[in-house]
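Both complexes shown next keep chain A, but they swap its partner, so chain B is in the first and chain C is in the second.
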Partner chain A sequence: MTAYITYFRKSFKKNSAYRTTVWLQIVASLIQVGIQVAVWTALIGIGSVDGIDLDQMITYVILNAAMYAFILTSLYKDVDERLRSGDIAIDILRPARYPLLIMADSLGRAAYRMLFMVVPIVTVSSFLFGFSVPASFSAGTGFVIAIVLSILISYSIGYLIALLSFWFLTTFHFSWAIGALTTLFSGSFLPLWFFPEPWATVAKMLPFQFLGFVPAAAWMGQLTGSELAMTFVVGVLWSAVLLMSTQVLWNRATRQLVVQGG
Partner chain B sequence: MNMSLFLHYARLRMKERMEYRAAFILGVFAQIVGYGATYFVLWLTLQKFETIGGWNWPEIALLYSLNVLTYAIGAAYTYTPMTELEQLVQKGTFDPVLIRPNNPFMTLTAQMFNVGYLAHILLSGGILVWSLSRLDADWTFGKAAFLMISVLSGACMHAALLTLIGSASLVIVRAEVLFRFNYSLQEFISYPVSIFGPAIQILLTTIVPLAFINFLPLALILNKDTGIIPREIAWLTPIVGPVLMWLAYRTFQVCTNRYQGAGG
Partner chain C sequence: MAIVEVSGLNKEFRRNRRYQGAFGAVRTLFSREYTVHHAVQDVNFSIEEGEAVGYVGPNGAGKSTTIKMLTGILVPTSGEILVDGRVPHQHRQENAKVLGAVFGQRSQLWWDLPVSDSFELHQHVYGISDDNYRRTLGFCREVLQLDSFLQAPVRQLSLGQRMRAEMAMALLHEPKLLFLDEPTIGLDVLAKDRIREFLRTINRERNVTIILTTHDLKDIEEICPRLIMINQGQVMFDNTVAHLKSTVGDEREIKIEFVSDPGSIELMGGNLVRDEGARKTIRFAQDHGSVMTFLSDVDSRYPIKDVSIEEVSIEDVIRKLYIQTGQNAPDESELDIWSRHRAVTR
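Up next is the complex of A and B:
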């Protein structure tokens, strides 16, 4: 256990080395929030559409910007790089479970982003555009559960992409494909409640809704009661399926691995 | 450097890529799916809301396609050399480019011409043609010619931006974040610029003149509201691109002359 905690702390520290990147990322996120607020102002304006008004959409946009910290999908880039350089051999030799080491590493980065990117982004945007606190105590609890599911699902998706590169030696195509599915079904731009049928039904059955829509909708109290419970069941099922797939693929990948160069 | 040498380089580059034909085709496919998703989200949004700032689905599709298409044309020449420049400098492989009896900018853009942008061009070009067919702008020869010149000018603007960032990497070395920043800025012109506040509208026509890439020429052709920007300014579109490209090219030259090498 201490090994993983050390990994977590090291990752946190490693991320704090790139100060300029952090500043630019914050500015880029704020621009993103500003653009989306302008788009929703143009789309909704005064009044409301399907019971959603502009202030609620602004909260939705800011929450989705905050998701930047909790979506771990990009971890495949690190694995890909270590696979190319051959460093992966050292990782596997370590007396620790590699999947958990990556998890610790990603969580370290998530914690760093949470403190030094999300907090400033949310503070500045709520000052500029306004932001609502969770709709109720249970909405807050729902948000926390949703975030845990987001972390598990995005971790296993990222890790699956990484594992596929053990066979294909590239992540380019898979990352584009997953990126496309995320853009479409996460609801991070267009919330699922505005989706026309049958796309809404499709999106509600997929895991990608946890990478944007579900945490924000739970926070805002737009997903409650049995609907929220059903969504969580979908999320838990997906987490289980994805995590098991990573386990199966990982067992095969280690036998398959050929380290090139050196 | 003359045209035939440039084409020769580009042809070699194409051959090199075609060595991995399956990977190339898969790559084209993946990128089409990737951009397709963005189009799909825009389509879903307009299914629900009908217009964004007075632009309907075919018009938004045209606006977005014009940006992707011009980016693809500009980036095919400049993206790879400008993002790799940092690496070239660090490894010391930029020096051989400088001692060739050719213009370094031309050598780089020819050597690293990226055929991979085919995917962008196929998708955005296809949707652009489709959206034009769905619009009832009474087409005249003048309008069609203006649109075509706008494509070329927009490609110059995108190439100029990438060249400016690449030049920065000769001076400040770590410029990777600037490329990502450029992507964030592109987001502004995925939507009609008139939906933003006055300050942003002015910014996008002056300091960062992205509005000339798609919004202003299309607002002129489709007779759309241009917010606080006078519509007549769109007539400048054909010269903004070439002027910016010239400035970027000069900047690149100045930075190359100042280049000292970063170890060997």
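Up next is the complex of A and C:
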């Protein structure tokens, strides 16, 4: 266990080597939040659409920008690069569970982003555009549970993409497809409550909603009671299915492994 | 007791067949045809604890494939491997604890962090007790002179410093068996010497078994008494370096500078390899008699001004062996190995 905790700490420290990235990311996120706020101001204006007013929409936009820290999908890039260079041999040679090492590595990065990107982004945005605190204590609790699910789901999606590259030796197609699906079905751009049927139902069956919509909607008290509970059931089922698939694929991948380059 | 036991080891790779032409890509996608490439074929050897063995062969000969199977990251197609009594791919994690590995062309250190951070990480991943960690690190710091750059980020180190750090890291968990894959590649002469000296020390004083693959045969001459040569996936030679030299040719290369150009001369048992007038290079096999007798004989007829006698280098010997066993020089074999081992199956 100490191995993974140390890995987490070192990953956190490693990320602090790239300070320019932090500044650029903060600026980029703020611009993105600004644009989305302007769009929603034009669309909603005064009053509300489907029971959502502008203030709530701004909170939604800021929360989705903050999700940047908790979505681990991009971990496939690390694995892909190590596979391409053949350095994966070194990772697998360690007496530790590689899937957990990647998890620890990603969480270290997530913690770093949380502290040095999300906190400034949320602070500045709320100062500029206004931001609502969780609707209630249970809404706050719901948000935390939703974040845990989004970490698990985004981790397993990213890891699945990485594992497929053991067979296809490239992640390009999968990451592109998953990226497109995430943009659409996570609701980070257009909240699911504006989706027409049957797309709203489809989106609520998919795991991508946890990468944007669910945590924000829980925070805002838009998802409550049995509806929220049902959503969590869907999330837990998806986490279980995805994590089990990664386990199966990982076992097969280690048999398949062809370490490239001498 | 043998620490590595390999018998009847085979590894095949399948490569999907690719098609040329406009619809080639589509055909490639649906095709089930593949070619089989035999990377390692019926390899047998056994290595005792405390030995230092050079594992050489031309590019593409199957060296790295063997090493990967020994570490457990590749599964053999058939045959048996036991490392410290375990089947490596079935006990990868336990196996990893008794192994250390250094890859000259890869790094195990964390690029953006100080060397000491990578060491600390290594301590926890390998579960090394604080006492052992301090002791081994102390030893490595002293012998490898790490102190001046222990706190520097890895990306700022010179290649020589980095390799010293890699060596230390591979030894922190006190492995019984150390794999080294071209550990001196790209290093300057002094850095090479330092690494070789260190490897000799840990082999002799700490009884660490060493398996070394390299293209720099000087590494082998200085570190490994025993040599295993592999070519086209098969073991071609497995004996002592001294034995290798004596079987392939107990020759001396003699450069003679004559007082004046003797013209074409009669050589008793010698072979003229280069003729530059007054300066001639002669190969002399020692089973024809002693070099000194040969020289005084020549001198009595053609006065000699200066002479140098050299042992045939291990490089020459190996080159001879590569050519004998592969009918091609090391540089070409990589291309050639593909055409030789091709068999289309359906």
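Please note the rule applied: the second predicted complex is superposed on the first by the 261 of 262 C-alpha atoms of A that agree within 3 Å, B and C clash if a C-alpha of one lies under 4 Å from a C-alpha of the other, contacts with A are read in each partner's own complex, and residues count from 1 in each chain.
One rule holds for everything that comes next: contacts are C-beta pairs under 8 Å (C-beta built on N, C-alpha and C of every residue); 3 or more make two chains touch, one makes a residue touch a chain.
Here the structure is a predicted model, which is why all the values come from computation and not from measurement.
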| item | value |
| --- | --- |
| Partner chain(s) touched by A:D87 [first = chain B, second = chain C, both, neither] | second |
| Which superposed partner A:S245 touches (first chain B, second chain C, both, neither) | neither |
| Touching partner for A:H173 - first (chain B), second (chain C), both, neither | first |
| Which superposed partner A:T224 touches (first chain B, second chain C, both, neither) | neither |
| Chain B versus chain C as contact partner of A:S132, first or second or both or neither | neither |
| Overlapping contact positions on chain A, where the chain C interface meets the chain B interface | none |
| Chain C-touching residues of chain A, taken from the complex the two chains share | 2-3, 5-7, 10, 13-14, 17-18, 85-87, 89-90, 92-96, 254-255, 257-259, 262 |
| Chain A-touching residues of chain B, taken from the complex the two chains share | 23, 26-27, 29-31, 33-34, 36-38, 40-41, 44-45, 47-49, 52-53, 174, 177-178, 180-181, 184-185, 187-188, 191, 195-197, 200 |
| Touching residues on chain C, where the partner in the complex is chain A | 13, 59, 64, 68, 71, 73-75, 92-94, 96-97, 99, 101, 103, 105-108, 110, 112-113, 117, 120-121, 124-127, 153 |
| Residues of chain A that touch chain B when the two form their complex | 20-21, 24-25, 27-28, 31-32, 34-35, 38-39, 41-43, 49, 170, 172-173, 176-177, 179-181, 183-184, 189-190, 194-196, 199 |
